[in-house]
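Take a look at these structures.
One chain, chain A, links the two complexes that follow: it is found with chain B in the first and with chain C in the second.
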Partner chain A sequence: MRLALILLGAVVLAFVATPLLIVVPMSFSTAVSLEFPPPGWWTGYYAAYFGDARWTKPTLNSLGIAAAVAVLTVALVTPATFAVVRHRFVGKGLVNLALMLPLAVPHIVMAIGYYAFLADIQLLQTFPGIILAHTALSVPMAFLVLSANLKGFDRGLERAALSLGASPARTFLHVTLPVLWPGFAAAALFAFVQSFDETVVALFISGRDTETLPRKMFDSIRTTADPVIAVVSTLLFFAVAVLVIVPVLWRAASRRRLEPRP
Partner chain B sequence: MTKPYLELQGLSKSYDGRTRALDGVDLTAAKGEFITFLGPSGSGKTTTLMLIAGFEAASAGEILVDGAPITHVPPHKRGIGIVFQNYALFPHRTALGNVMFPLEMRKVPKTQAVEKARAMLALVGLERLAERHPREMSGGQQQRVALARALVFDPALLLLDEPLGALDKNLREQLQIEIKRIQRSLGVTTIFVTHDQSEAMAMSDRIVVFKGGRIQQAGTPLEIYNRPVNDFVARFVGDSNLLPLLLTDPTAGIGEIAGIGPVRVPAQPGRKAGEAATLLLRPEGLGLAGEGAINTCRMQVETVVHYGDSALLVGHAGQTALRARLPGLVAQGITSNMEIVLSWNPASAHLMPAVMRDGFQNS
Partner chain C sequence: MSAVPAPARGSLGPWLLLAPLMVFLAVFFVVPLAQVAVMSVSDPEWGLGHYAEIATDGFHLRVLADTFFTALVVSFCCLLLGFPLAYAMAAASPGWAAVMMVVVTMSFWTSFLVRTYAWMVLLGTRGPIARVVEWLGFATPELLFTRFSSTVAMTHILLPYMVLSLYGVLKRIEPSLPRSAASLGATPSSVIRHVVLPLAAPGIVNGLTLVFVLCLGFYVTPILLGSPREQMVAGVIGQQVEEFLAFGEASAMAVVLLASTLVVLGLYHRRFGLDRLWG
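Our next item is the complex of A and B:
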């Protein structure tokens, strides 16, 4: 029984990790097209990636879009979360539903909707168009993350700040924000990664000048199967791993630092 | 009483527009007074505190501090220091940073603020822990920081919301004395909320007993203990025997208790013979009857609990349940199933309105 469980775990792990074991070696391959196992090794495709504007421009586009999406998402979700978590009002259930809707609707459906809608308002293939669409997609996760944090937040802290003479605005700035910042950071990170990774909607609504990295990868694999894709995939994997692992390590370290002294 | 400093006038609060969490509370407090709000949960004591702090809006009534109405002043402009049950220290600031907070909000110059905050930390005995974060401190230390933070800006009032509830017994008693000392040395008018009657007895100049959103009684600890206005207050503060009594001769002070017989009570001029009442007998007011004692009763002892310095006897006198607390030495020979004769001084008994059968007092 125990052996069977260990075996099952190993199989799942292998299933999850195998693509990595294929993609990472391929990025160091000498082959002219995607090929496994690699016939030889070099780092030439890394040089090609960083030296080719056809790759660096979509990368910068994606980074810029993701950053804007992170900021816009947090700016929009923050008041919504405070309203839903802290107040009772007519139509609260409906608001909750609306905020979670992008999670339930298939991306392809959203993509078609955005395609038609953004064309109508002249935002198709523009940065604002993509940012708006990605923000809408990021809202549910950011809302979930932030509301979980806010529910665990002790309102007594805010009452204490008010009683000590801080106006509501200064209470937010000096108490709520500093105490809740990991929640805001996590919400922003989720929004950033969501946008950076998003492919389906980007395929429909991004254009030649506003091409995102996932879209470029998709186009590339359809036309040339350029091994640079493996390079990008490898870089993406490590970038996301760092983004996810660093906060975990940092929290563990700070928790050890803040252990109560006797 | 001297000129009132804090005044509550007809204060009422309803959360749903129908039921009243607070129903017409009138109270005054003198400058420097230490007042305890005592009552079970849902009695209105915490609601009253929240209204004074400004975290909840009054449905009716007025709150005045030093003659000025503050009922519609937002909480951050009231200048009232509050210590919360869970401390509510800012986790991202050190002890000193927490105590500095109200001074920063008042734009006190930095050096002056540091000096003042350090002096306040010294007053609560924490000057050596100024650089620690709340989670590096014990519960008692955190509570002291919270107290220093609530006092450092010379608040108009100090509100303490069950501040000792989360601490263990020894620490609680130590902090009770500490809080009293600091409160007296600063002379700040203080309202302390608790459901712990011994805490209320130990700390207060005056106790206000709440029930069902109304004040049942306000008075000094001994007034509340010796002369409760009704059976609720009598039961809530201290241990009690509540004996139903029929007044047979009010002017002479004679009544009758079923199963015990005629007893002497304090004279009740103005009341009619045949009226029902409740006699409050504190268990420690009962003693073994001596020669020729008046007000005696035979008690069938069922249980004896020895505490060393005293012993609690639980049993019956006739049909009436009775509790007596005797000095430890006196009680040493008494065992369960014994019958003993007890007596009490008529002056130590207190008459209250009769308790109706459903448990509510008749008034």
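Our next item is the complex of A and C:
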């Protein structure tokens, strides 16, 4: 039973990995439509991706939007996280719940809400409209990441700085921020990725000039199955690989550094 | 929480820190959401007509039933596949566990669209599965654009949520517990059934709730991979807006979808506390 479970686990692992890996050979395939194994190999679709403004512009749009969302989310969530983690006040449970709400509402519901709302305030199909919507949707994850980080923070460090005569502002800038920076970075990264990948809301509220990459990919898969989609998928695959594997390697390396040498 | 008490400040302090975010969410989250509720009873005219239509015409009820059924199937497929994987991860050596964790996390972070596209390749009529079936001498299978293809892809996409939930609890099980059960004469399968599974129950409930709720509102994958004749709620809502500009009808369906989601989450919250779900 135990061995059977572990073998089954290995099969499931292959089920998880195969679709992630298959996009790589697809991107070097000469096939014009979905065909696997590829009939031939070339890098022509990479040239097509990088040379075609219909792909590069949505990519740049998405990068810009995601960067703005990351900054705005962290700026809004940071003071709120300090309030929730460090203070006791009436209604804290409710605030906690309210901050989680954007995670509970299906994106299609928000998509039609934003469509109507942004049209009313003249921000439909504009960058500010998309950035504001994505920021609201990024709040819960950023809050979860940051509050987990802040809960682990040793307040003794701050008290030491204060008792040595540092002002609260100096203490925050020179003690609190440097210790918490991985938390800020993680929260910003979550917000960035959330916005960069967000498809459903962007489908409804982005326009011709503000098209995001997921919207372009969605349209491309739905209408033409453009082979360039495999190139984009492969680039995203490697971006995620770097994002996931680098911290693992880094942690392993620092563990090795810390271990006493025999 | 740290042992050091919070600095003594007036009760206004935390609210000043919270104010920017709360105002932002009120304007850019609550207002759009409320607009959906208002549109559902006001577009094109005031009244509960759209809800009456949803409750009485067969189409909407069938879509809702299909959606719930699909979400249930996907949740249990995720559990059936996720448990062995999480179990293997918890049992593996640190090196192998790290490799498995990297694969699961990568899947978690990879865009829904990329994974949906990958399944179009895998299940397509000129894809690897069709090739193998042909090679075995059978007719080319029509796997794509069916309920099967969207269920497989959604299971794959949501599986990481289940695996991470289960791994969290399985990893925390004291290794001496299964060992002492075995030394007292329990067979390996009864150790798993009577010791491991009950201890993993919180993770199982967690994973099922997450996957079910996410699946209820799924839009992208059923549209790109599913059968056009068997749509899910989110797809119907999108279609009402995109093709017919029927905001009232779409909003009423959206309210029903949101209410179903909140009921499931509310039940979870009463029993376990919502802050545990994503932790």
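Convention: the second predicted complex is superposed on the first by the 248 of 262 C-alpha atoms of A that agree within 3 Å, B and C clash if a C-alpha of one lies under 4 Å from a C-alpha of the other, contacts with A are read in each partner's own complex, and residues count from 1 in each chain.
Note that in this section a residue touches a chain if its C-beta (ideal position, glycine included) is under 8 Å from a C-beta of that chain, and two chains touch if they have at least 3 such contacts.
Just so you know, these numbers come straight off a predicted model, no measurement behind them.
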With chain A superposed, do chain B and chain C clash or fit?
-> fit
Applying the touch criterion given at the start, work out whether A:221 contacts chain B, chain C, both or neither, answering first, second, both or neither.
-> second
Residue contacts on chain A - larger count, chain B or chain C = C
After lining up the shared chain so the two structures overlap, which partner does A:156 touch, if you call chain B first and chain C second: first, second, both or neither?
-> both
For A:58, is the partner it touches chain B (first), chain C (second), both, or none of the two (neither)?
-> neither
Please indicate which partner A:183 is in contact with in the superposed arrangement: first for chain B, second for chain C, both, or neither.
-> neither
With the two complexes superposed on chain A, say which partner A:38 touches: chain B (first), chain C (second), both, or neither.
-> neither
Where does A:164 make contact in the superposed view: on chain B (first), on chain C (second), on both, or on neither?
-> first
First, second, both or neither for A:13, with chain B first and chain C second = second
Least CA distance chain B-chain C after superposition, rounded to whole Å?
-> 6
Jot down the residues of chain A that show up as touching in both complexes, chain B in one and chain C in the other.
-> 154, 156, 159
Residue ranges of chain B touching chain A (in the complex, touch as defined) = 53-55, 74-82, 84, 86, 88-92, 101-102, 105-106, 132-133, 135-138, 149-150, 153
For the chain C and chain A complex, residues of the former touching the latter | 1-4, 6, 9, 11, 13-15, 17-18, 20-22, 24-25, 28-29, 31-33, 35-36, 39, 81-89, 91-92, 98, 100-107, 109-122, 124, 126-128, 131, 156, 159-160, 187-189, 192, 213, 216-217, 219-220, 223-224, 234, 237-238, 241, 247, 250-251, 254-255, 257-258, 261-262, 265, 274-275, 278-279
Within the complex, which stretch of chain A touches chain C?
-> 1-2, 5-6, 8-13, 15-20, 22-23, 26, 33-37, 76-77, 79-80, 82-90, 95-118, 120, 132-133, 135-136, 139-141, 144, 148, 151, 153-156, 159, 193, 197, 199-200, 203-204, 214, 217-218, 221-222, 225, 229-230, 232-233, 236-237, 240-241, 243-245, 248, 252
Going by the contact rule at the top, pick out the chain A residues touching chain B in the complex.
-> 154, 156-157, 159-168, 170-171, 174-175, 178-179, 258, 260-261
